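All remarks here apply to the structure that follows.
Labels for the chains are A, B and C, by order of writing; each one numbers its residues from 1.
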């Protein structure tokens, strides 16, 4: 039995070439071999994961193995890992016929990107000039996962409209740009951005939007039949949502300071997220006839509180401050889904499949500015002299920086991340327009059929209903007015 | 195409008003603003999450940041968090057309309740009389999640029969009652109840049952077409079951004593759960023709071991004791699903959608009494003098309490939790009977259509089959006895 | 409405007796009672989970409760627990009509096996000769979960072809054999095998394959209609895949040495897994028309990197070494799914439902040999004198063992695990051929209908389509050539 998709394609004329049989394996192999070579040249274990740890411990008077950084960060690392693969992955399964692509390409991008991230971030942050080696530990793994998150966010804007080879290109440049902007923001500007409102969400969001803008498809309506959810696909997406929501406190606190830093960041994030659930529900309900809730809002805008607290969560923003942040971004993000995404599509020719504008770009940018304000408002009275120094790392060449100056640099950092996202995204977008990437035709988007072997008997209802309608039509021709069919 | 639900409604006459467009946003906004104000007045970071931690550490001779309570409890907190949102949430997706409501309202209740819980529990347990502030840390977050669990259990009994506004009322009063009974049981009676057999499960179960009893719907059979599972909805529910089952050792051990307390609690819970799986399977298989297993039992009764060990798990009940507890409650809970729930519905007019009677109320009550017996049987020979004192907190004004007396108080605590659940539930039930809450009509229960925007093309089969049957019927009229349709 | 399965059965003649109403409850009850008795006789808390910990701590000058082994291992334990129940469980939901059996019997086997594992491993490893007691702690729980993994792997080869009673027999003997081979490999041969390439995967894989070979069903094609996936069942399986993939670093590092041991193992596993994703995608894409990806490969072969690093991950294999391992086994495993499984079925009469040959048996065996080579190549220059001693436990009677010798023993250990798997599996296979186990008929495999109460209205499409086709056929008879039906 031919399936409905082939039939549709033949109706719309010859299909675009979407064969990735050479390209995809070639990129994967070349890339993976390059990684092996570069890892061989550059990457080694750090002193906490090397067998010399026992000597290191003795020399540094470390009392116990439990003070190995592994025990401070590994549980958070695993939570972040779940967010990257299950959280982002399943959040993108909401389309009725692109669930494999959502979760599968997310898996591919992240596995591809994290290796490159270890190298890029290593060169910038932990290259030992004497040995020429990068040493890695659990914090490097967390940072590599974070770095992939930027590209996965960008993928959200492109979901269903790009080939797997293109997703790898997005990840390759995304990780590279990420490492550079992160170096500028965190090292040169000396910003604090533990949960990555700026470096991850703001950058990733605008990067994806800029690519999507360059790749605008005027005839995307031809794929309209696949552009929607079915009951169970939205339930799969809720798995992604909930894992992102639940583990976001770990995301923001994963690389903050030991002790009070991780502790406070987790509390603030927990509160901001709870608050944004309530305002999301409120706006979603207000916007529809009968007060019905929209799954798109529940799946996405509830997470905005976590994004917006990415920078400020480690500061003394106070519990009520966290609630206020969640309150506001929950509203803003839901309004984005209701009004801004349709506006962008109609007037700015920007097709944003998952609405990353509303979940990442804007809340991330706001998070950057909230961080700037919170930093600028910091005082020794609230933080304590030592606490202030520790929290903002006013040490070494930054010893004399004041909170006010720090606030200015935080705001500047946010602008840097937006600029990197937009400019980088436009460049990558043009690269992706070369006609060599086997991307799907306009009538073939959001369809797993193009890049996946699908099971023969599908449970997706539309073809069946179509089929029934077809039958009904035929029978009407035969039996004429003998009965009336309820085609409600 | 109008969908089957609209048609059904027009058949049964005018629908009840289920419009929540004003009520739901109003409650969410008012509530969230109240939370911001109250958090502003009352809630601050505790000394382990405040930037003054570095000074606190020095003053208290704490060797390392790893001794911050965060590292003792945060992994367990995240597990508990997953149980609350994914565990409880997905466990309630088993209905074919109420999966959004199950997971979505669960999300809403918990995000709403945990903020109120931080305040209520804070006022009772950690209000600093000098500063008038409540200070919070990771243990407060765990307790807030626990507190929500009580209301989520109650929601299980009401699933599909209440409006989202009603669920928030249930949570508001549920959290309040919880905080009071918890204060009486844990502080005044000085009971131990780490995993909350009494304060969470027994209270939550009876609270939900009492509400459901007051809200009895004599014509609920009109919603019968939605009251059942489909293949995949039961599989989604298994996600909930497994996460509850796997993380229950973290639930029970999350706030027990550092060191051996958390360690022993986790072991006991792990064993009781394993044991209740086997007896659940046994009874389920015995009860059906051909020995077929019933998903309802596997989804629920397998968890009874964790509920029943909520109090005793931190005591020296011994591994075989844990197995015996799991053995018995697995049987009791499965029997409950087979016989008690139908009995309650028929004779006591108590409609209990998820069977919380069998999973929470009864195992929780038993757990309370098991805890009482285990406490009463404690001896210095088994616990050691110091161990006995630590385990039961025989300190301060309770210095001279004996294990026997403690057992008596534990039993009394169980009774208090039942009383609070029943009396509180009846009162809340009457509040929920006011005709202002936009609850669904009797022919409209268990249907997401009422409160959710649903995707247009549903994959739920009944309408399609109905449609086909309709077609068949029509054709029979035409072609009369020309063929016989296999309407098996 | 009778369902299609009953109809099919009546077509193929009288069904085999699959009634487990006596057998399954009997086994569960007898077994669970035996466990209670044996736990009562043998099992107690160890010094870290006993209330005497506070005294033990003082006597051993342990500074803080945080040095209780619980805090080193509990987060990893929970991750392993998720892998066993959700990872293995959902990985086996890929069949369209055997999802309940996949996740449900997995649950049953593991809950059953872990109790027996605590006893078996306890007798071999931690029986106190003076008191005659086994003492357990968090490491015992991890080992019990590991021990179940062997039997769950074997279940993967048998999926859909055995009765629940048979799965329990597989687990009973599987756990027993596991404990013996583990004792030989780890204690007598003094191998290192933290993540169990040899003792878990290699043994479990060959054990399952040998059983499956003995239980060969020449007429399995009669169940062909159930032997395949549908769109959503493959998505459920991805939940299993991702949890296994994400938590594998915890699996391999759960019982390695405190400090650098756990740290390094996690890093190596993380890298190997990332690498095998890329080569799996490459080979999968190369193998199909149009470069389409096959879900079977993505679900399984991506995990091969974790299996193959089970032994070597705790050694100084270096990050690039881990990438190379993942690179190679990703290719080998995908080739296995493409060519070896069909070959085994056709020429060796070996039906391997989940392809455990390619995911566990072969990568596990390779992992054993990779471990042997890595061990043999170890030098004091790389490890440091102390590091070498710690990593390979060259202490006590093994003080003078050299890395070269260790390599030889590691290779021998791998052979022992294969031998145990094959010989044990053949024996258990013959036991399972007794006609008393109520296994399904050849026309009834891969069907949940046999052992589960199923919801009445199924959403699985085939019967509906069949039904429609049936209708069409009938109508053609009536209206003859009046219209042509598009039976594409």
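Just so we're on the same page, a contact is a pair of C-beta atoms (placed from the backbone, for glycine too) under 8 Å apart; a residue touches a chain by one contact, two chains touch by 3 or more.
Just so it is clear, the structure is predicted and the values come from calculations on it, not from any experiment.
Asks: Specify, for the interface formed by the sequence copies chain B and chain C, whether it is same or different in terms of residue numbers shared by both sides, with half as the dividing line.
Replies: different
Asks: How far, in degrees, do you have to turn chain A to put its CA atoms on top of chain C, rounded to the nearest 5?
Replies: My answer is 120 degrees for the C-alpha fit.
Asks: Rounded to the nearest whole Å, what is the centre-to-centre distance of chain B and chain C, using the mean of the C-alpha atoms as each centre?
Replies: 31
Asks: What parts of chain A, by residue number, touch at least two of the other chains?
Replies: Answer for chain A, listing residues that touch two or more other chains: 63-64, 66, 71, 75, 232, 239, 459-460, 464, 468, 471, 475.
Asks: If we count contacts the way the header does, which residues on chain A are in touch with chain B in the complex?
Replies: Residues 63-64, 66-67, 71-72, 75-76, 79, 96, 228-235, 238-239, 242-243, 245-247, 249-250, 258-260, 262-264, 266-267, 270-271, 273-275, 277-279, 281-283, 285-286, 288-295, 298, 302, 316, 318-320, 323-324, 327, 382-384, 386-388, 390-391, 459-462, 464-465, 468, 471-472, 475, 479, 482-483, 485-488.
Asks: Sort out for me which residues of chain B touch chain A in the complex.
Replies: 1-2, 7, 18-25, 28-29, 31-33, 35-37, 39-40, 43-45, 48-55, 57, 63-66, 68-71, 74-75, 78, 81-82, 85-86, 89-90, 93, 99-100, 103-104, 107-108, 111-112, 114-115, 118, 136-138, 141, 164, 232, 236, 239, 438, 450-460, 464, 467-468, 470-471, 474-475, 477-478
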